[in-house]
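All remarks here apply to the structure that follows.
By letter and in written order, the chains are A, B, C and D; residue numbering begins at 1 in each of them.
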Amino acid sequence: MTTAVETKTMTFVGAVNEALDEALAADPRVFLLGEDLADPAGGVSGATAGLSTKHGRDRVLDTPISEAAIAGAAIGAALEGRIPVAEIMIMDFITIAMDQIVNLAAKARFMSANRTPCPITVRTASFGGLGTGATHSQSLEAWFMHVPGIKVAIPSTPADAKGLLTAAIFDPDPCLVVETVALYGSRGEVPIGRYAVELGTADVKRQGSDVTVVAYGRAVVDALAAAEHLGTTEGIDVEVLDLRTLVPLDTDALRASVGKTGRAVVAHYAVEFAGPGAELAARIAADHFGSLKAPVRRVGARFRPIPAARGLEQAVYPSAERIAAAVRETMTFTR
Amino acid sequence: MTTAVETKTMTFVGAVNEALDEALAADPRVFLLGEDLADPAGGVSGATAGLSTKHGRDRVLDTPISEAAIAGAAIGAALEGRIPVAEIMIMDFITIAMDQIVNLAAKARFMSANRTPCPITVRTASFGGLGTGATHSQSLEAWFMHVPGIKVAIPSTPADAKGLLTAAIFDPDPCLVVETVALYGSRGEVPIGRYAVELGTADVKRQGSDVTVVAYGRAVVDALAAAEHLGTTEGIDVEVLDLRTLVPLDTDALRASVGKTGRAVVAHYAVEFAGPGAELAARIAADHFGSLKAPVRRVGARFRPIPAARGLEQAVYPSAERIAAAVRETMTFTR
Amino acid sequence: MTSTAAKTSAPVTPDVARQLYTTMVLSAACDERLRQGISRGEFAATIWPSRGQEAIPAGFGAALRSDDRLVTTYRGLHDMIGKGVPLVEVIGEVLGRRVGASRGKGGTMHITCPEAGVMLCTGIVGAGVPVAVGLALAARQEGSDRVVAVCFGDGATNTGSFHEGMNLASTWQLPVIFICQNNLFAEMTPIGETMHIDQVADRALAYAMPGFRVDGNDPEAVYHAVSEAAERGRAGGGPTLLECVTFRFKGHYAGDPQRYMPAERLAAAEAADPIPRYRRKLLETGVLSEEVLTAIDEQSKGQVDEAMNAVLAAPPPEPDELDKDFFLDMKGIPT
Amino acid sequence: MTSTAAKTSAPVTPDVARQLYTTMVLSAACDERLRQGISRGEFAATIWPSRGQEAIPAGFGAALRSDDRLVTTYRGLHDMIGKGVPLVEVIGEVLGRRVGASRGKGGTMHITCPEAGVMLCTGIVGAGVPVAVGLALAARQEGSDRVVAVCFGDGATNTGSFHEGMNLASTWQLPVIFICQNNLFAEMTPIGETMHIDQVADRALAYAMPGFRVDGNDPEAVYHAVSEAAERGRAGGGPTLLECVTFRFKGHYAGDPQRYMPAERLAAAEAADPIPRYRRKLLETGVLSEEVLTAIDEQSKGQVDEAMNAVLAAPPPEPDELDKDFFLDMKGIPT
């Protein structure tokens, strides 16, 4: 990605931290709440390190283990015009906050005819790939796509992590931002200073002419690796479209890219069956009916609880290899 | 539906009641738990009327308003080989039991390598169409399709209500059965005595040659109305395929029907975006790539919280008219 | 900290007495008129009648400031009226008309009116409790000494949300007044079947929170208890649980045949109806005269009739309401 | 019902003393060996060390019958050992080998062993509590007098699941022993920041349940308290909450640098290490001799080494494990 602005190299988790830091500094209404956020803990993965020390413990609130109340308290504060950023430590735990997020936050503006909008931000993290087993490894973003009233952002790079989180915090509607712990250590150029990525704008992470791989989050990294490999060794020119947000969905970018390549593979770490890729594939197939050169292929997690043992776990998740194989299949498809 | 067995005319809710009654009579391990189930209440919509009187209050347990504990207690009992049937009164409240259902029940057999399977049945009801507003009207079955480890059944007729619930109760794996309160009063022929519908078998509710409408639950009723209308007034011969279960999915029936008609419309009361129909449409488009005569059309609830006022509510949900319009579009489509 | 009855206090001023009585009569008249219209088929609507519980909002309505906040439930039309929501907004929303609090989009269960401090009303039992904590947090963050009252039923105290919210308010020592309107039933189930304790007020002990059992049919007792709790909250003394014991005269929903209700029990409760009881007291103590009381009775009926007529004359919501008040920016949002 | 310290009781028999001491030493040796292997890079694994908390499973392990049930957590390897789960199954599952309790599919957080009565282990804080209620319900339904013990941390008592489960057990008067292993921390956050009460035992008051605070570093105190609670449960006297106060020596996870932990605090806790403390007591009171104690120490280390060697020699899971133990009938299940 090229940007005109000044950048510096940062880790993904550092970029998250910076977005939170700058939001806290920019607006006194911003505050964070969640488990183990305050120093010296600074978050279980360091995402909030230093923030309570810098901004005060009344801006970075440690909570009890009460996911429903974390979401609920954020909602209450947002109804009063505060700007809460709630952390649900691991995405599997969001199962406990579903009522608050789905039945209250997502519906607040509509049900009240605009009298009590509720622009909370919920940050959470996918822990997949760390061998922590089936209850600490899920990617459940498809559930939230299906709930009218909440935006869903999932960054794949440090710059997007900063930019999407900043946009989400100051967005006038509820947002869920899903971070990927396996990417926390990855590095990239990140714009210095206040930086927001407009929600609903996909990003072509790699230009290509043969096949579009539509992805988001960690699968973008795998898609880029697959594209690199296929380009150099097999002469297949892959475009990688990073959606960045699932709601809003950048249907223009999607249509433009697949319109150009005529072939699409959809990739994500969420379970493939009834996952985000189902919506994308259905949409691509309908939008490009008659002009697609091959059926849309989907690469997601296999339909299994995530096993803990490393070898088994790897066999469930997508990978550059599985994405490459799907790309090849779209290239060799004949009616 | 024609059956060789003896039948009688029953309401949908009567068929649910009969399935529960017969399961309680058939196996002493079966018991029910949920809010307001016991007589004299007999369930808020009468689904369990008479059962505590007949089988005892130790078989039909009234619980506190504790959806997580309802699911949890069912799980615990199932781990011991009991056969619990838990009721979550309205599907919107299942948001409170997600952790138990998703993180424990659905994963129990796999995570324990078969040592502690957990064949609970969760009955719940979609309240959509009754003007009760956004938090009492959702159809959230897509969430459960996306969770590996739980079956999902959604009957459209009294006979299926009895047969699917019976099958679910005695199934060796966790099952979610979604009833539709708007259908509770509908009548149909129901087999007398123990009657199970094999989970994973779709049912052609109406034969047709031009277009397949793939539906389940309440949308089947609308699809049949649309088919009737289109057949008599416009000469379009619609096949209505009632999936009956979303997991397992009867992909053979789906392929056979669309293979025959070459056109498909998918209909359900769940929100269209990222809904069950996304998976079905993606699958149909890929399976019949090159042979479909028109793009798959989807008809689901519009992407809005469900409004309470009747006119607005109706405008959000599918209807025979919207299904008919989609069918017409597939018929008139030209590349 | 043990829970005890709240301290008895000096008699109220005639002005307060007038306000207490007026709220009770106005709430009862509104409830009555709505039930009448429903049972006669004059309009289609659902309410969960508050008849019998009017002393509670009378008490807190007089004790709280207009900038204090309220969170209530589906059975909270009396609470709305006590907190000052215009009758037309309440009735209009119940009937789904354009003049309703949310122009018919929310419905009976989802009325908010931030101008009167009513920030949330939930149809999900218990869900409002953690949100109230967030509202109180916002008050502290803003440096305001306003307090937050949250109403819920006895059954709601069995929910996880109640526990998480109570614990958080106590941990953060926030100015929340938890008002349990203990009407001794949850839908069709009497309280003794869903909890093992003698009084809900004891639940405060789990949080080292002051907890008091109050005669919820005595508006002055409620007034004093809430005044005391509000004073404590404003002074930084943290939250209070008030268990206001009362009764529900009309069952769970309008039209409930109350088959589960022992006739003697209902008769005894009705014989102790808080409205005539308080009227007698005011007359006996000479605080208000028969003329004044009769005038209040008549004015209240008149106000309700006037509001009802305005609502009945109002049109249903515009069809384009579906496209309003959803996301502020609709770009990329599914249609 | 007020919470008090459990009654002190007669000294234990030498046989019980031996069992208590053995469990403690064996648990500590296992924990030690696992941490050693992790820190040396001998194998990749995650554990949440129980070092310091061994007196609790020693006590309940000796007090409970082998057919009594246990539910525990990620920090429950000591509980597993106390309840009689074979060491190879425990260590094998932690290391993700074929000899593990679930052949590597569950992982450290999800070990079950129904043969030893261990029916569930959860990685989701609080989730096991309602399940324990269901296990106890099943015991009652079967006419068995077995009881169910459920272990959880201090932090877990802030979850909605805890509340719903406690209330249900008390309402139904089921034989559950709620064992809070209060180690005064939840991850990096000290207990005082997440609850406002002096002792967790007081939470029993919200359910009219007997609640006792016990020295969780004294295995005999735990033994007596659990014996008493089990006796009450078997006799139909319902559930008990036991708060066993202890400490976590090694932080939240193996390798935790414990930056949040005041050095003096840790040092004081370690100085009161329950294992040498109990060893001294047994020597001083002459219940067990130095020779016997040394033999136990050595045998325990030997058993752990032997189990570890067996695990290290065992292969990882077969790749086809992914297709086992999912749905019993895979027809129609997505691949």
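A few notes on this one:
Following the convention adopted for this analysis, a residue touches a chain if its C-beta (ideal position, glycine included) is under 8 Å from a C-beta of that chain, and two chains touch if they have at least 3 such contacts.
Remember, it's a predicted structure, so these values are computed and weren't measured experimentally.
In this assembly, C is the chain whose CA centroid lies farthest from the centroid of chain A.
When the interfaces A-D and B-D are ranked by how many C-beta pairs touch across them, B-D comes first. One inter-chain figure worth recording: chain A and chain D are separated by 36 Å, centre to centre, where each centre is the mean of the chain's CA atoms.
For the pair chain A and chain C, the distance between C-alpha centroids works out to 40 Å. With each centre defined as the average position of its C-alpha atoms, the distance from chain C to chain D rounds to 44 Å.
Within chain D, residues 103, 105-107, 110, 122, 124, 158-161, 164, 167, 171, 193-195, 321, 326, 333-334 each touch two or more of the remaining chains.
With touch defined as above, residues shared between interfaces to two or more other chains in chain A number as follows: 63-64, 66, 68, 92-93, 95-96, 99, 103, 107, 110-111, 133-135, 148-149, 273, 303-305, 307. In the complex of the two chains, the chain A residues touching chain C come out as 29, 31, 58, 61, 63-64, 66, 68-69, 71-82, 84, 99-100, 103-104, 107, 109-117, 148-149, 151, 172-173, 199-200, 245, 247-251.
By the touch criterion stated above, chain C contacts chain B in their complex at residues 44-46, 93, 96-97, 103-110, 122-126, 155-156, 158-161, 186-189, 193-195, 259-260, 316-317, 319, 321-322, 326, 333-335.
Residue ranges of chain B in contact with chain A, taken from their complex: 92-93, 95-96, 98-99, 102-103, 106-107, 110-111, 133-135, 138, 140, 142-143, 145-149, 246, 270-271, 273-279, 281-282, 285-286, 289-290, 292, 294-298, 303-305, 307, 335. The touching residues of chain D, counted against chain C in their complex, run 158-164, 167, 170-171, 173, 193-198, 202-203, 205-209.
Those residues of chain B whose C-beta lies close enough to touch chain C in the complex are 35-36, 40-41, 44, 62-66, 68, 92-93, 95-96, 131-136, 272-273, 302-305, 307-312, 315-316.
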